[in-house]
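First the structure, then my questions, so here it is.
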Amino acid sequence: MSYIGYVLAGWLSTFLAFATYIFFVLRRGRSYSAKVPEARRRWIDSGSENKGSNND
Amino acid sequence: MNLSTGSYRTKILGLVMAASFIALIIFAFWVSPNDDQQGGAVRLLYIHVPLAISTYVCYIACGIASLVFLIKKKIWWDYIALSTAEIGTIFCGLTLLTGAIWGRPIWNTWWEWGDVRLVTTLILFLLFLGYLALRAMPSSNPNANVRRAAVVAIVATIDIPIINRSVEWWQNRTLHQRSTLVELKIEDWTFFTLVLGFLAFGLLIIWLTIHRFRVAWLAGEIDSLETELALKKRLEESNI
Amino acid sequence: MKQIWQVCLKDLKVELRSRIVIFQVLPFAVLTIILFAFAFEADRAALRDYAPGLFWVTVLLATFLFVLRSFSIEVEAGAIQSLRLSAVKPQYIFFGKALALFIGMFILEVILGVATFFLYDVSVESPSLLIVSAILTTAAIASAATLYGILSANLKARETILPLLMLPVLIPVFLGAIRAFDDALGAVAVNGWAWLSVLGVFAFIYAVFGSFAFGEILEEVE
Amino acid sequence: MLTSNQALELDSAVVLFGQFPALSGVDLNVNQGEIVMISGPNGAGKTTLLCLLAGLVSMSFGKGEVQGIDLASRDKSELYKRVGLVSNNTMLYEDLTVLENLNFFYNLFLSASSPSNWTKRSKAKKKSNVNNAQDHLENEASNTSKELNKKRVTSKEEINERLKDTLEYIKLPRDSWKLPIRKLSTGQKRRVVLALQILRRPRLWLLDEPHAGLDEQGRNLLDETLKNATQKGATVVLASHEIDRATQLADRRLELKGGRF
């Protein structure tokens, strides 16, 4: 495969940027959630779950 | 206590998205063939092109949400505008980056001023950096700041066609692949991989926007909780 | 209509009284033109070729200072509140201020143009194109700048946020103005007249959208 | 809705500046022709209250009506025509002279409130159809606009004459008429602001610390002006620290504290 270095650089930087951004969004969400009562977070399902983290 | 901004549905969405990205990687690197002219560099386009399209989708969504916000004055629309602007700007930066990485081996330059889409995207990037800078400013009157931001976003969105047209006239030539999908005979798997890329990025936009929206919502709720507290304090003050 | 004219005259009068633009912005613009000459190592041919671009860069920088000034007089002692309380429609204030900005900018451009003419040794091939494109460009810049002026009017960091917001938006106008001047000065063989449509469309969109958005933002200015 | 002799009404009005509630639930009822004085410690929300009544600040919660106009309405020009605000700021152009400032704002006010614009007139009509109970207010409004219309017909010389009369009345020394506002003393600035409001003849006067910075002569002048205005049916709301002075003048005194009465 030609230009493999360029291709990998492009893909890796993209995924790295996504991962960083997603990490910060989710973390911010968690720290904010702690300050808001559950009743005011509409998307929370009644069932008990523990983790909702995702990756790309 | 459940602290995540995710819900049952977003988790499923997230899983589908993750699967589609894994599929995209497999197709992009192993299934799809090398291009006759570009060789392996074509594999960069599987993210570059969806990134570029996603940028425009996000920015247009931001413009529309801002317009609706100004008319309806419902704060959710502003949250959507903020979310899509932020996500779009990340996409936009990555579009420029992957474009530059692609351009280096193929055009033999990191940056090409003669290309319309490149220059247009750069200007858009600058416009929305301004928007995010405005939003990041601490303000004594958040209400006013939100409206200002909405106006800026609408202007930026209206500007997309004007900028595109003027840059095109300015350098009346373009290096970009003119609608590769039509002109060149594209291998089936290449086409399929591109479609897969659009799908994966579409899911990513939705998933990210939902989460970012919820973060904005939480920030808004914290604000209103603080306001309630301040109001209570103020009332006590007046009862003394 | 009368109110637009009243607001415009007021702006011009304040300017004539305080003389900030005449004694500070204009010299700054001429200074920039001179600095460009140094940057190009006084290469006559290069300066002549790039005169349109250098001229409009200078105008954009001057616009930025001009707009800051135009709105700092409004918020200085809260006069903008009196404007609102005069029951004038925000659109009229917008057009009044934009018109004043247009007139002031145009005078500045004329003086700056004369300076460029002598310092950069340019020749004018098509005066009519030069004047028409300058008018349209100034109209476009003035209307966009007025909108961004009110946007940043009472922000603490207005000196830094205003160029960041305003300059990217003005890029299409900038490109058009340069190409039109290229043709008018005979620097580059392009069809400058075609660019007038971009300038005109831009001016129109900003005048219309700006006049509506102005009211939205004026409501929140303290 | 306001009854016939009510000038303004606020119903648990809350004004937020960011997270800070400057007003935390204000109920206020003022009758036509009344002089109401509002006192209270610094930061109690007096200035905000006046700005709210003038339509410069918008309410976050609550209801309010001033001179028959809903404070939540988007087009506030009808409200602006009827209120006169004397604030701590001069709200004038510092570089223009006294005469130029007054000329500009007065002329602008006249041309903005002239009913020659037919859309405005039809709007006013629509409003009165909706609210029959407010007919008297509308009548009053059309009276004032007729008056204004008459004024509009008046020539430039007459407007100048009126300006000069007003400046004479507030006893601003003649040699300062052609000075830029920047060069006036605080008391003189106050007088100019007052002169503008006298020219505008508002239905509702809103004054923020009007006595501050004025000498004895100026204060007497101010009191006289306000009394004259109320005799002609105008209403006055003033915020002041000088309780003695203001209680002499006011019919009623209200204590604002923590953004509430």
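Lettered A, B, C and D in written order, each chain numbered from 1.
Assume contacts are C-beta pairs under 8 Å (C-beta built on N, C-alpha and C of every residue); 3 or more make two chains touch, one makes a residue touch a chain.
Because the structure is predicted, anything quoted here is derived from the model rather than measured.
Of all chains shown, the one whose average CA position lies nearest the global CA mean is C. Comparing chain pairs B-C and B-D by the number of C-beta pairs in contact, the larger count belongs to B-C.
Centre-to-centre spacing of subunit B and subunit C amounts to 31 Å, using the average Cα coordinate of each chain.
The centroid of the Cα atoms in subunit A and the matching centroid in subunit C are 44 Å apart.
If you average the CA atoms of subunit A and of subunit D, the two centres end up 54 Å from each other. Taking the mean of the C-alpha atoms as each chain's centre, subunit B and subunit D sit 48 Å apart. Listed for subunit D are residues 58, each touching two or more other chains. Along subunit A, no residue makes contact with two or more other chains.
Residue positions of subunit B touching 2 or more other chains: 139, 141, 143. Contact residues of subunit B toward subunit C in the complex are 70, 123, 126-127, 129-131, 133-134, 137, 139, 141, 143-144, 147-148, 151-152, 154-156, 158-159, 162-163, 165-167, 169-170.
By the touch rule above, subunit D contacts subunit C in their complex via residues 54, 56-58, 77-78, 80-81, 83-85, 87, 89-96, 100, 104-105, 107-109, 111-113, 180-181, 196. Per the touch definition, subunit A reaches subunit B in the complex via residues 1-4, 6-7, 9-11, 13-14, 17-18, 21-22, 25-26, 28-30, 32-36, 38, 40-41, 43-45, 47-56.
Residue ranges of subunit D in contact with subunit B, taken from their complex: 14, 16-21, 24-25, 58, 257-261. Of all the residues in subunit C, the ones that touch subunit D in their complex are 2-3, 6-7, 10, 13-14, 17-18, 73, 76-79, 81-89, 92, 219, 222.
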